[in-house]
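Structures given as structure tokens follow.
Across the two complexes that follow, chain A remains constant while its partner is chain B and subsequently chain C.
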Partner chain A sequence: MVKNKYFYYLFLINALINVVNFVPRGLIAQRFSGAMMAIVISVPIGLLLMYLCIKMMSKFPGEGIPEIFNANYPKPVTKFMLFGHTLLWYIAGLITLIAFVDVTMRYITSDVSPLLIMVGFLVVVCLAIRVTAESILYALEVVIIINVPIIIYVLFKALLNPMFSWDAVMQVITYSLKAPSYGSISYATFIFTGYLNLAVFNRAFKKIRVRHIWMIGVVGFLVLIASVLIPIGYQGTIGVERHVYPWFSTADVLRTKNFIVERVLFFFYFTYLTLSLVSSIVHWHVALEMLKGVFLTEEKKKRKIDPEWWMILAFCIVAFFAMRTNQFFRDRAGLLFLDIRLAAEFFLIASVYLAYKRREAKKRE
Partner chain B sequence: MNRILCILLILLLILPLQGCKFKDIDLKLFVMAVGIDEAENNPNKLSVTLKIAIPQGDPKKAEEQVQIITEEGDTIAEIVRVMKSRIDKELDFGHCKAVLFGEKYARKNIREAADWTMRRRDIQLTIYTAVARPSAKEVLNVQPVTERIPANSILLALSKDGTESPFIVPPAFAYVLQRRIDERGADPILALVEKKSDQEFLINKSYLFDKSKAVTELEPEETRIYNLLSLKNLKTSLNVDYQGLKYAYNIEKSSAKYKIITPTNGTPYIEYKIKILAEVEESHSGDIFNEKLLRDLSAAAGNQLNERVERTLSKIHQAKCDPLGWGLRYQSRHWNNSEEWKEWEDLSERLEFHVKCDVDIKYTGMVR
Partner chain C sequence: MRGSQHKKESDNLLQCIGEKLSKSTDLEQRSLGTSDQQVNLIYLKSVSHSATVNRFVISPFFEMKDEKGFEEYIASFPGSKPSHDIKEILELLLGGHVGIFFSDNKVYLFDAVRVEAGSVADAQTEVIVQGPSDSFNESLEVNLNLIRRRYQSSDLKAETTTIGHKSKTKIAIVYDETRIEPEVLKELKKRLDGISVDILQAAAELDKYLSGNKYRLFPTTIVTERPDRAVFNISEGKIVLLVDTTGFAVVLPAVFNDFFTAMDDKLQVLPVGWFLKGIRYLGLILTVLLPSFYVAFTSYNPEVWKVQIALLVAGSRATVPYPSYVEVLIMLLMMEFLTEASLRLPKAIGPTATTVGGLILGTAATEAGLVSNIMIILVSAVAISNFVIPLNMMGFTIRVVKYPFILLATLFGLLGIVLGLVGVIMYLCSLRSFGKPYFKIFGIDRVRITNSQKERENG
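What follows is the complex of A and B.
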């Protein structure tokens, strides 16, 4: 059992990783048509969903979604829902990994084959997703505590640079009154999605209670504002569209004189490398547990090879196939994922609520 | 089972041990600066000049070894590939710090060259750009005696890491250039590097761009005023004539602010407020300074600077360029998104400038 503070880390990892997961790109594409308003609206929506989810999960102390569903729903429904969630969580981790392989190719080692980089990432991720939820949460804490100061340093560096154009930022802010689309709201709410990992990580919490939920709102809002407006301040209101990875381009723009490496890009890259690996581990851990909930419900026969390995093997094979997609397909798939994710979130919370109702009804009988 | 897995894992970890996929440093040539010109005989072709440093052990020994190669072709990428067969080692652009556009080329259009620098993944976004006269090739061939690392002298000057001349405009990094080319309501301004002799170059003018075309040249004096308007605490001295005598003051602190004011009836104007805190650096009068003289001198300095700033602003305005980003400022302060650009285009035609320089000469230097 872990303390409630680990919930904040689950939120933070998602909030920080948005830079890799196409959130800035989706919002920047709509900067003149409602992205700013979407950011404002996403805060109450994200907080509401988070509050409901915590409320629901606290009714099932120490249990994850697979247990809850298996106990309260008919089998085919459970299997169907768990499989759907497996897919979403798997894709969440996969997008982060593929995007990061791409970033590594573009900025760091243009001569190494992307397949080899992927193999390296997969080895780390696949070995780590099998450990217990507690261990992953402890690792998450360490990584976040090491990396957040570096990110804050980069942010200050970015905001204090005389080349930063506040006029460009203001120009985008004057577009705040446009009505947002569903897409832009779903991109923006991704920041708050970290709470959803409770679906499996709830196993590690005694009875989840989160205090100061408004603080999460403030932090999420600032993170969103920063991740959209800082690239605009450097690349201009029009030119920002040109950049494939707006945030890595922004880090490339920065220089530091008080560090061994002159280009901020390099330590920004390593910060985000660790964060994305941990984020993928969190997502794939959830995916793996969900998948185990689909296939390993009854009899726990001693098999020669732990069936987990087959699932992990499937994860890897799909990942290698996903490497063959091109840049534009990935963009579209990434944004489509964010769209579907918001709807699935509502669905998940509703289904947990229903499970709770069914359990209460059973108890009364 | 576990043993087999462990062995597999170890085998997997051996994979990356095949060594560096990179070429070793002694197999590389580092491009320090790129010059892009129009080809001499054919205006539709490009000519690219690379200034290449040869890696050396001891940077203290000032025997710089440099190779300069020029090649012509249709695209920059193609020219670089052709060059690769003229040299023995791999070209590395990772340390390239400057791109110079020949004057003739810049006057035509620098869009392709700007695109190339942004797109190529090994070129940093913080590369310096400038216009070269008479051509990028000739400027890159200049070898100042003070230079210790190839092409370093141009970099030191453009970045202001070395000399801090008031006549060099703030660095136009590749990303700043691209952002201003794309932006509505801002235009690039690039420093102009001129060749004076085989061992000396001169950077004291600048080029105004209309998006990606170089249009008008700013004289040294105008470039300095531009710097005064766009930078905080510009390091320079300025002259004043007072009662027929010359004085010079050194700027300690300076700041410039502006507002775009559109009166309901009347011509729109930009109001510049410049605040300067200064000290006397030179006096031709021989008198001992008193409080009144210092105050009068400040007032005279303010008035004379007003005139100089207004002259520069109206020249920039007449060139129909926007290096100070007035258009962007106008748009960023107005919420009627669909009309604001039209409004600005209409309004910028008949813009006037009101300048208020507040020069405060506070100290007389070490003597009175």
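What follows is the complex of A and C.
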């Protein structure tokens, strides 16, 4: 059992990782048509969903979604829903990994083949997703504590730079009153999605209770503002749309004079690679547990090879196939995922609520 | 009639034991007294204290002249016990007791254990600047004494068991009843029962058997020779295992941070203590990552460095005829040889090895152009920072950990190092020491528990 503070880390990891998952790209594309408003609106929506989810999950202390569904829904429904969630979480992790293979190729080591990089990622991630939820939370804490100072350093470096164009930022802010599209709201709410990992990580919490939820709102809002506006401040209101990974291009602009390393990009890369890996581990751990909920409902006899390995193997094979897609497809798929995700969140919370009602009804009988 | 039957039984026992222990030159078997008042002694000279036997068993017998009185006299000694079980008698005899067979068929085992152990010496492996310098020695009683004297509380419990089919090593489980977590103790006892070995000779060996997983990389129990560390840990709610015949104790459950705590940290002023701890962690990071960073930056990502430094390294490496990872491996292995050699060498030859190895080899290798100058600096930094870690077990682990990082850096460059870091963090976090998490960045949980307990104890 872990303390409630680990919930904040689950939120933070998703909030920080948005830079890799196409969130700035999606929002920047709509910077003149409601992205700013979407950011403002996303805060109450995200917080409301988060609050509901915490409320629901606290009704099932120490239980994850697979257990809750299996106990309260008929089997086919459970299997269908769990499989759907598996797919979403799997894709969330996959997008992060594939995006990072791409980033690595572009910015760091173009000498290593992308396939080898993917193998490296998969080995670490696949070995790590099998450990207990508690262990992953501890690792999450360590990684975030190590990396947040570096991120703050990069942010200060970026904001204090005299070349930062506040005019460009101001110009984008003047478009604040445009009505946002569903798409831009769903991109922006991704920041708050970390709470949804409770679906499995709730197993590690005694009875989840989160204080100062407004603080999460403030932090989320600031993160969103920073991740959209800082690239605009450096690359201009128009030029910014030409970058696939606006944040990495922005970090590459910065220079530090005090270390033996001159380009801030490398600090940024180090930070985001560790964060992305851990975020993928979190997502895939959830996916794996969900998938286990689909196939291993009742205790089966001990097999020579743990069936988990077959699932992990499937994860890896799909990942290699996904590597073959091109940039446009990935970009489109990434944003489409963000769209579907928001609807799925509503659906998940509603289904937990229904499960709770059904359990209460059963108790009363 | 009855008496003679008894007599026979007792004689049988004696004969049986005599046979079991035959062909041992150190077996001593004596009959005392006259034919009607006969008392038989049997013991092993090597493990029993002959002077004790002479003074407290043999002389009084002849002074008393009365067997009944002598029997009561023997029975009143602390450590004497009556027994009729041949297995138990044999075990105690081998442990140093004297078997005394009375004519009325009573058998007493008299404690005359001879313990050959050095006196309490200064700590060798965990040296500190200030604070107590005594260390555990090879006798369990002395070690218990060292702990009891520092922890005078009735809550301190010491249970003993034996481990090893042949060595019968005594192990004392020492803990503070009010502060430990009962699950940990239960788990420990379960694991101790599960150990099935012939011989147990070292505390570190016990640590290996206890943890279960043979292929684990990091030590999950502390092996220490300092009584003050043991006592400090007992007060923190941990369990200490004292192993007879070894000068070390095992402390469990351990967390990663414990291995970076020296006992004199607490004596320092607070900021100084923080600084020292910070230095140790910095040393850890340097010794693990420097070689792999060198490989990654020279072979894959020279653009990471400032131009001046990149040129400096490239210039220094101009004559080196092989890739950077070969260079790093050669030098690191040389360093490992040097450490290993100076560890095992007799004290008189030690300095020669370091001079030849460190000075001559290092200078000559650079002059010959086989290794770059910067590499030499780096290797020395790695070696020195490795020794910053206060506990040896962890030091050895860290020595090994840097090689996988070099491999990763060779395959992936900078990316590999980050992969390795995440992997190591995940691995550390997945480790458990007797059910307790091993690696957490804030150890606050435990401190808070002890504080509330302290309040309770003080009323």
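Keep in mind that, in the parts below, the second predicted complex is superposed on the first by the 365 of 365 C-alpha atoms of A that agree within 3 Å, B and C clash if a C-alpha of one lies under 4 Å from a C-alpha of the other, contacts with A are read in each partner's own complex, and residues count from 1 in each chain.
Assume contacts are C-beta pairs under 8 Å (C-beta built on N, C-alpha and C of every residue); 3 or more make two chains touch, one makes a residue touch a chain.
Keep in mind the model is a prediction, meaning the values are calculated, not measured.
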Contacts of A:I136 with chain B and chain C, given as first, second, both or neither: second
Touching partner for A:L116 - first (chain B), second (chain C), both, neither: both
Contacts of A:L277 with chain B and chain C, given as first, second, both or neither: second
Which superposed partner A:N14 touches (first chain B, second chain C, both, neither): neither
Contacts of A:G236 with chain B and chain C, given as first, second, both or neither: first
First, second, both or neither for A:R263, with chain B first and chain C second: both
First, second, both or neither for A:S165, with chain B first and chain C second: first
Partner chain in contact with A:R106 - chain B first, chain C second, else both or neither: first
On chain A, positions contacted by chain B and by chain C: 109, 111-112, 116, 120, 123, 263
Interface residues, chain B side, partner chain A - complex: 1, 9, 12-13, 15-16, 21-22, 118, 121-122, 124-126, 170, 173, 175-176, 178-184, 186, 231-232, 325, 328-329, 331-335, 337
Chain A residues within the chain C interface of the complex: 3, 104, 108-109, 111-112, 116-117, 120-121, 123-124, 127-128, 131-132, 134-136, 138-139, 141-143, 145, 260-263, 266, 269-270, 273-274, 277-278, 281
Contact footprint of chain A on chain C as seen in their complex: 300-301, 303-307, 309, 408, 411-416, 418-419, 421-423, 425-426, 428-430, 437, 439-442, 445
Complex contacts: residues of chain A adjacent to chain B: 32, 106-107, 109-112, 116, 119-120, 123, 162-163, 165, 167-171, 173-175, 177-178, 234-239, 242, 249, 252-253, 255, 263, 304-305
